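Next come two complexes built around chain A: one with chain B, the other with chain C.
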Partner chain A sequence: MSLILLIEQVLNGLQFGIMLFLMAAGLTLIFGVMGLINLAHGSLYMIGAFCAAAVAAATGSFLLGLVAALAGAAIAGALVELLVIRRLYTKDHLDQVLATFALILIFSEGTRWIFGSFPLFLDVPDFLSGPVTLPGGIEYPLYRLALIAVGLAVALGLWLLISRTRLGVQIRAGENDREMIAALGIDIARLYTIVFALGAALAGLAGALVGAIQSVQVGMGEPVLILAFVVIVIGGIGSIKGALVGAILVGLTDTLGGIFLPEILKLFLDPSTATSVGSSLASMAIYILMAAVLILRPAGLFGARA
Partner chain B sequence: MKFVTLAAAAALAIGLGSANAEPVKVGMITTLSGGGAGLGIDVRDGFMLAVKQAGNKDLEVVIEDDQQKPDIAVQLADKMIQSEKVDVLTGIIWSNLAMAVVPSATAQGKFYLSPNAGPSALAGKGCHPNYFNVAWQNDNLHEAAGAYANFEGLKNSFLLAPNYPAGQDALTGYKRMYKGELAGEIYTKLGQTDYAAEIAQIRASGADSVYFFLPGGMGISFLKQYKDSGVDLPVIGPAFSFDQGILQAVGDAALGVKNTSQWSKDIDTPANKAFVESFQAEYGRLPSLYASQGFDTANLLLSAMAKADVKDADAFRAALEEADFASTRGGFKFGPNHHPIQDIYVREVIKEGDVYTNKIIGKALTSHADAYWSECSM
Partner chain C sequence: MIRERYLNALTLALFVAIPFWAITADEPFTITLMTRAVVFAIAAVGLNIALGLGGLVSLGHAVFFGLGGYAMGILAYHAQNYTPLTEWPFLIEGTKSMPLIWLVAVIVSSLAALVIGILSLRTAGVYFIMITLAFGQMFFFFAISWAEYGGEDGLSIYVRNGFPGLNTLDPIQFYGLCLGLLCLVLLFAWRLSGSPFGLALNAARQVPVRVETAGLDPVRLKLVAFVVSGAITGLAGALFADLNRFVSPTMFSWQTSGEIMIFIIIGGVGRLFGPVVGALVFVALEHWLGALSDFWHIYLGLLLLVIVLFGKGGLIGMLCGREAVHD
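Moving on to the complex of A and B:
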């Protein structure tokens, strides 16, 4: 296990975490501000990827594809909020889970109806393809470095939005006391639509960025959704900072656990048992992490409410 | 109606060429929604194409979607057997679903013709006279890949497969034939989409080649990321990551990759040419190996229907065993455990115009039977 391999794996974990952050940020915002559990967040991720693939195929431009992903997911998010979610704020979480689960099925079959059952093609743009050599002789794909940069830029932008703008003040106020900000004359319905569309756009962006190195297919959002929920539970529900820290923790735990657990077990067990036991343990690692965080801090690392 | 049945039974009893005495009802349980739907749709379309071409009015097909979930597949099978009263079941794509459905269906006296899944448990000790696999035993394509790696002189392979029974079967199959060293062996999570960590390990391992079994979307992700990583060791895989349905989504990253398959669209037989042409005309796309398996399954069934009545299980079984139909693969026959004995080819991914597809570059194994038939007693 050389130092170069270790650094490369840390970069991989970081990149995975940053992409999880884009998903988790929207989820945690929506839950924090509106108190809504949105299972259909993974569908918005899928919509982003499909919009990007369709537009990139039609125009040949990856950047236009990204714009389409942001716009498509935001529009889908706003529509969903106006047509469905709006009716659920006063209901309990079980009704919300049921309704948003129905949305998953509708979006999945709708996407299949429009695009067919076979995966779509979306490739890394030429100017970002191939590996670059980092200091120390590490070869690393340029596109993954770009993903880390974009994710950090989005994190910075979100922080500025929340802490420095009027909309951010409203969002923070909405997390604390809904009735009060409505009484102060803020159009809470509009605020909710904007927050939901913003969260959807972030999910769509993640879907498009990840779609270029993965498979753009129906159902691609659900595995990521589960991880995003783990992230916001670890980070503390409603906290953007918590989502960032939680996402990077989950990304690093998942990636490094998958590499090192089998290696460590090989010291005690024969290689094939170590590989299979190690991979099984590695898939549990993030849930063990979540359990540990919940025992020590039941509200999550940066959670305000218990 | 009753009279007709009686007359038919009488004809059967005195052995007067009793074919098509009664309609045959087929229940197809396959995956038509979710991430794995492409495979089920291809099997269904291949099967229904053969049914349409035969124009046999005595064949009725009921199709249901199992959503790739074992519990749903079991419910559907119960419904088809008890209320639809089907004679023959078919269609299941995934080995874990096949394990949930097939043993109970065959125990109830139904025939099961597998167009895809071929778990080792059903080929060895768990074999059944009413279970026929028309595709392959799970290990077969991987064994062929191991044989091909020897032929290419590869000495240090790195192996990658998902951590579930078919993934373990895959690497077992490869290692059964492959004679070189192993640079590494990783089981990934089923459904994993990011392979950066595994690719870094491949880069550091000093391997001379990579063998991977990552069906469907997993393979698309792996190949795209592998190409982007700058690692340029030769890659070998089974046809499952290079079928017609997903190649277009992989794009250039798949070009030149060698993969093993029992079928290819350029197998030069009249039956295969006619199949490829008619499939394209009917559905407007090229067939995949799954479509060819569905097509062969239907033709096997039709050939048996022409020879025997499905209600006479022994005669119908004997007719199935003869496998007297023009397979898209050329030569096709069943071994003693009702699994195929067939040639397995090596294909290379090429680009024809704008379409990515495969062409045969050689034969990895000739008249190959699976490794479990000797454990089967029936």
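Moving on to the complex of A and C:
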């Protein structure tokens, strides 16, 4: 248990959290503006990863793969919004859950139909592969550092978009009073499609970036989706800042819990029990964190409304 | 339009007639399929108490389904290995007796529903959906990492558990047992919805403020509904495990929660027989479409979309019109 290991794990947790943020930001934006709970967000993550893997395999370029992931997920998101989601805004949450659950079935089986059941692989590009030496002599994979940087850049861009641009003003207004901004002559249907496509593109980007360190397969989106739900419950639904803080908290808890809980328990229990109890506890740690936040603040850390 | 009562009677008649046909035609697999439908129906009747009556969109009912399954799995596992469950603080042994297993399944899932309910009902709406989903995942990952009881591989039970006076290894006898339980559960749900508690719960779903003004606590009403609902789904989990003689973390997965919800939607939310019709149709679709195509989930997804977008009220709603309690 050295300092180097600790720093490595903190970086891993940060990287995991930042990727969760990309998912959670889209979800929370879509909920905040449209009041829609979207279970199919994980499918958009998967679509991004598959687009990236297919295009990168065909062209040999990772960057082209990333572009394809962004475009593919955004187009899929816009299409789904136009065909299905649009009819759900006025329905209750149960209908939204079921319709988006149906979309998951369709997307997952459709992807399996096209690509088969075997996972695809997306390689880390040459210019980002290999370790870098950080100050203090810590060797850390360059690609994971790049993920953290990209995620933070996206967070900054999102913040600028929402607080500094005309579209951002419309989004914030849409969160507060959709009838008023419709009355002021904003095409609300178009705004909704744009927000949904933006959220989809963020999910697709996350899928493609993570696809290079994990395998790209059907069903990869749902575990991440559920973690993203935990993130926005902790952060407060509708709050981008909450999504960022919640994502980093969840990422760090999950990663550090898996490493350190068994070690800590070894101080009290015999090693084999400590390992099994510790790993069980670690797998539950983020949900315990979520329960704790709910007890203290039912609307989440930065949530304005429940 | 058919009267809902006649449709319900027809459904029950099908549940009796199809297995009889299966015996005469010597199609034992049909009996297994029908048992599957009955067990799913029990689970969905349970969820319907929270969802239809209480308006609680729980995406975590797989927790109770799985707990019921693991209650059966763990008790029977110790009984078949002749090892005690625990020796401290006092000796607890496994059992192969269904009534005992059901009792444990119901108690364990009610306790879990109580804790999850207290935490989740601090919130409402979308938060509630996400939190119940997250608790489902928590149990799923716990079951995967619990190596003592099979971890990811699950537990196999070699011989189906026994019920006094019946030979449960005979498919039709086990089917009859499950169908009897389904009838009891339906009777209970029907009596519940007409009871003062059911009426208060119905009101708490529609206008919580008025219920509060009348001196009742809507959150407590919903909590009781959630616990009852979890207990029934837990019972179904124990039966499902006995049907397959196998439990695995899949019973806890969020897809299971989604499927239990799908049964209700296909049949009709808030209708007494909605979950029963839905489970029967789902098992039939699974069997026929599954034989036609490996990708039958696409068709299931499309059907679900059509029902949600255009067919409010599920199959019963389409056949009988909108006369049920669901608002």
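Just a few scattered comments:
One rule holds in what follows: the second predicted complex is superposed on the first by the 306 of 306 C-alpha atoms of A that agree within 3 Å, B and C clash if a C-alpha of one lies under 4 Å from a C-alpha of the other, contacts with A are read in each partner's own complex, and residues count from 1 in each chain.
Keep this in mind: contacts are C-beta pairs under 8 Å (C-beta built on N, C-alpha and C of every residue); 3 or more make two chains touch, one makes a residue touch a chain.
Just so it is clear, the model here is predicted, and its values are computed rather than measured.
Look at chain A after the overlay: chain B and chain C clash there. Of the two partner chains placed by the overlay, only chain C lies in contact with A:I237; chain B stays clear of it. Once the two complexes are overlaid on the shared chain, A:S108 sits against chain B and chain C alike.
Using the contact criterion defined above for the overlaid structures, shared-chain residue A:L120 touches chain B, although it does not reach chain C.
Of the two partner chains placed by superposition, A:I30 touches none, neither chain B nor chain C.
By the touch criterion defined above, A:V250 lies against neither chain B nor chain C after alignment on the C-alpha atoms of chain A.
Of the two partner chains, chain B and chain C are each touched by A:S280.
Contacts of A:A68 after superposition on the shared chain: neither chain B nor chain C is touched. Shared-chain residue A:L147: touches no atom of chain B or chain C.
In the superposition on chain A, contact is made by A:Q15 with chain B only, not with chain C. Working note: chain C versus chain B after chain A overlay, options 24-32, 42-50, 204-212 or 222-230, clashing stretch identified as 24-32.
Shared contact residues on chain A (touching chain B in one structure, chain C in the other): 108-109, 112, 223, 276, 279-280, 283. Those residues of chain A that touch chain C in the complex are listed here as 31, 37, 84, 87, 91, 93-95, 97-99, 101-106, 108-110, 112-113, 222-223, 226, 229-230, 232-233, 237, 276, 279-280, 283-284, 287, 290-291, 294-295, 298-299, 306.
Across the complex, chain B meets chain A through its residues 33-35, 37-38, 41, 163, 168, 185-189, 191, 193-194, 196-197, 200-201, 203-204, 216-218, 220-221, 224-225, 228-230, 245-246, 248-252.
The touching residues of chain A, when paired with chain B in their complex, are 2, 4-5, 8-9, 12-13, 15-16, 108-109, 112, 117-121, 123-124, 129-131, 139, 141, 143-144, 210, 212-220, 223, 255, 258-259, 262, 271-272, 275-276, 279-280, 282-283.
Those residues of chain C whose C-beta lies close enough to touch chain A in the complex are 51, 57, 59, 119, 122-127, 129-131, 133-135, 137-138, 141-142, 144-148, 254, 258, 261-262, 265, 269, 295-298, 300-302, 304-305, 308-309.
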